[in-house]
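A, B and C are the chain letters, set down in written order, and residue numbers restart from 1 in every chain.
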Amino acid sequence: MKKLKFVIPILVVVFCSLGFMLAPNNPYAMDAAHKFASFSADYPFGTDQYGRCEFSRILYGGQVTLGIVVVGAAIVLLIGTVIGLFLGRMSTGKSLLFNSLLDAVTAIPPLAYLIIFVGIWGNSIPTMLVALTVSLILRMIKLSKTQTEIELGKAYVLCAISSGASKMRILFVHVLPNMIRSLIHFLCLSCAEMIMSISAFSFIGLNLGDDVIDWGSMLQESRTVYSVRSSLLYFPILFIFICTLAFNLIARQMEGGEENA
Amino acid sequence: MSTKKFIIQKIIQLILALLFVTAITFILMRLSPIDAAEAYARRSFRVSTEEIEIIREQMGLKKPLVIQYTNWLKDALRLDFGKSLVNNRDVFTEIVGAGKITGLIVLLSTVIQAVGALIIGGITYLTRHNLIGKALRFLAIAAISIPAFYLATAFIDIAAVKWGLIGVAGNTGLMRYFPAALCLAVGGIAFFGQLIEKAIDQAMNEDSILYARCRGLSERYIVVRYAVPQAVISIIPTFMQMMGMCMAGSAIVENIFSLPGLGYLIIESLIDRDLPIIFATVLYLAFALVLFNILADIVQRILLKEQKEGMVKF
Amino acid sequence: MLEVRNLAVHTLNGKMLLDDISFIARPGICAGITGPSGSGKTTLLKAILGVSDGNVLVNHGEILLDDSNLLKRSAVERRNLCGTDLGFIPQNPMTAFNVYFTIGAQMSETFQKRLGLCKKDAKQLSIDTLKKVNLPDTDRVYAAYPNQLSGGMLQRITLAVLIGLNPKYVFADEPTSALDEVNKQYFLIEQLERLKKNNSAVVLVSHDDQLLQKLCDEIIVLQNGKLIEEGRADMIFSNPANEWTREFVTLSNFQKKGTWIWNKSQ
């Protein structure tokens, strides 16, 4: 039961990000004869105002939206954690200036960084990826650094040192496993927030590019034909909701596990 | 840490954050694929290469980046942010006007969140052992997962357009900002409702509560009188940080409701490449965000200190 | 008379905390409960008072207060017995009061809610009872926050609450563990003795051999949630049957014989 709660959200995320491989139709292929087709074997979710397969578009949209989030999160986890570990180990913890800088830059929420990046560079997939990584990595470094400092103060580290473990071994074998849960917890919550932010930008008109399909821009397009076919609006929002929920549920599992451990 | 050191650290933090954000904006602008001078030239129908060059010279874009930045900083210290490239209005007045609207939305949203979270958190705590509580907990996670921008559109599509209840732009006074604040608040209500429930639960396990029960005080009275205030105090710092986040979140919702707040202003000016407004808005936003964070730190510090001395009064 | 019959307590996931416990608390008699840490002494008190933790289930046996079974009554009814009928003295006075409210506010509200007094009378009663437990400077204590007072003073305040509510049964959960010797003496001799003389039934949970010997008429010994020994206090101390009790008594005698005797009884 416990495992199931963990596996299902992960499966959902994997399906939504890799589902484009299973897409039954070309998401760009317009077909004036099949405008607003209803659900059928050929078009599981029907078609939109240009006769494009809604199901395939959803799957391709997932590749873009979730792809940015997952790739960004992986980079943040890898780089942010390692930098945080080393910073936590060094005596920078006592440097007023450095700490203030880190506090200062993390005081600004990721969404604000996204606004700055996206606004200035215009929205595109690479911009979004860079913006997302930069805004999250700073917070990740701070979290990882603080956690490392806390862990290094605990008794088991002293035991490890006295039994001759090297510095690298202490950091990666002893400290890292003890804080990885809270790091992933943070990352999952951020991913949930990012899915919403990315969709929000394309939704208000700063789309990722002219030919890029993503859930936000699908929402925006379908809103114009809301009165004709409201299901076109509900599919993208449903998938945004499910993926966000999945990340939030994983985060909760991580949190709950910590209490049990 | 002494109070003096604490204050110094907070001031340094504020200055660093502002420098960092504005510097990043400048650097990004320089690296931007879209040229501000060209964008300006297009708008004023002066499209020849020479004319663009002249405009670039006028805007000071030819100077080295560091000099541009320091010049801007010097002016900013005198609250002189220049004039808008689009409509030639004074940037500072524009920002103050927009800031008022965003401030109102955030303030309204904060009140809604505080009241809502308290009610939801309390109900979840009281029903935690039965199905209602479980359902509420799941609903809370679900509510966090609904994007505010979707709530906003759904609100406009259904409440405003279909039912004709509220003219989205027509209302005046606070009611005009209420829908935006409400949409912005839903996630926060769910999030802080959860936090409050956890905090109440934690407070109810304390020794002092056991003794209060043994004095024969009723469960409801104990929750309302002891556990809730304690829970509220414990989440005040997080709540204040959230007020900062709300300012950023407001940007999206304002655009959907077409409210001329900071978020609306920033996105508009970003699309128009209106440099002076972009820089000033970013600075203003960063200032507000960091200020809320610092306030949260200060409140937390005061609470901890007072708790140690047992001097918190109601 | 309060009688516990075959009481069994489990956690929600089935772990046994107390099994088949029976004992009687009579007016004018002090019953002691002792046993090693984690043996279920506090769990027993909480079960009787009906303030068990959320994950605890009192699922077997009877708690008879004047021949009516408390376990059959509603939570609200049982809570109404707390304080006025079943009094309680907490283990650690330092954490017994809420740090965000003054002592006076917490005392007065108790008297207002439990005795139906008006605000003014409740305050007067608080001041009177504070005087009765020999707290000097009552006005300052009344207006003080818990963190501004010492453990000894706070323990006296819990006594003041007890005196004000005047319950027939008093349950004390290791009342002396956080007190220094002077306060202990005061607490022990002046107050619990006086309660006994006033014909209250006192149930005392304690590790303190000196307190048990001096005050208790009967003692029950718990280990791992089971009742392993019961009898008159002097019998248990002179002729302990169980292994743990023997060790407990030996240690207590050893302390008496040692050169480091502190002022024990007189």
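Convention: a contact is a pair of C-beta atoms (placed from the backbone, for glycine too) under 8 Å apart; a residue touches a chain by one contact, two chains touch by 3 or more.
Predicted model, so just to flag it, every value in this text is computed and none were measured.
Asker: What chains touch subunit A and also subunit B?
Answerer: In this structure, no chain contacts subunit B and also subunit A.
Asker: Where the centre means the average of the CA atoms, what chain is farthest from subunit B?
Answerer: Chain C.
Asker: Based on mean C-alpha positions, which chain is nearest the centroid of every protein C-alpha shown?
Answerer: Ranked by how close its C-alpha centre lies to the overall one, first comes B.
Asker: Suppose each chain is reduced to the average of its Cα coordinates; what separation in Å results between subunit A and subunit B?
Answerer: 21
Asker: So how far apart, in whole Å, are subunit B and subunit C when each is placed at the average of its C-alpha atoms?
Answerer: For subunit B versus subunit C, the centre distance works out to 51 Å.
Asker: Could you please state the distance in Å, as a whole number, between where the Cα atoms of subunit A are centred and where those of subunit C are centred?
Answerer: Centres of subunit A and subunit C (C-alpha means) sit 55 Å apart.
Asker: What residues on subunit B touch subunit A, complex-wise?
Answerer: Against subunit A, subunit B makes touches at 9, 12-14, 16-17, 20-21, 24-25, 28-29, 31-34, 141-142, 144-150, 153, 157, 244-245, 248-249, 251-252, 255-256, 263, 266-267, 270-271, 278, 282, 285-286, 289-290, 293-294.
Asker: So in the complex, the part of subunit A that touches subunit B is made up of which residues?
Answerer: Those residues of subunit A that touch subunit B are 96-97, 99-101, 103-105, 107-109, 111-112, 115-122, 192, 196-197, 199-201, 203-206, 219, 223, 226, 237, 240-241, 244-245, 248-249, 252.
Asker: Given the complex with subunit C, which residues does subunit B contribute to the contact?
Answerer: Those in contact with subunit C are residues 129, 205-208, 210-219, 221, 225-226, 229-230, 233, 307-312, 314.
Asker: Show me the residue ranges of subunit C that touch subunit B in the complex, using the header's touch definition.
Answerer: 46, 49, 51, 53-54, 75-76, 79-84, 86-88, 90-92, 95-101, 106, 109-110, 113-114, 145-148, 158, 161, 165, 171
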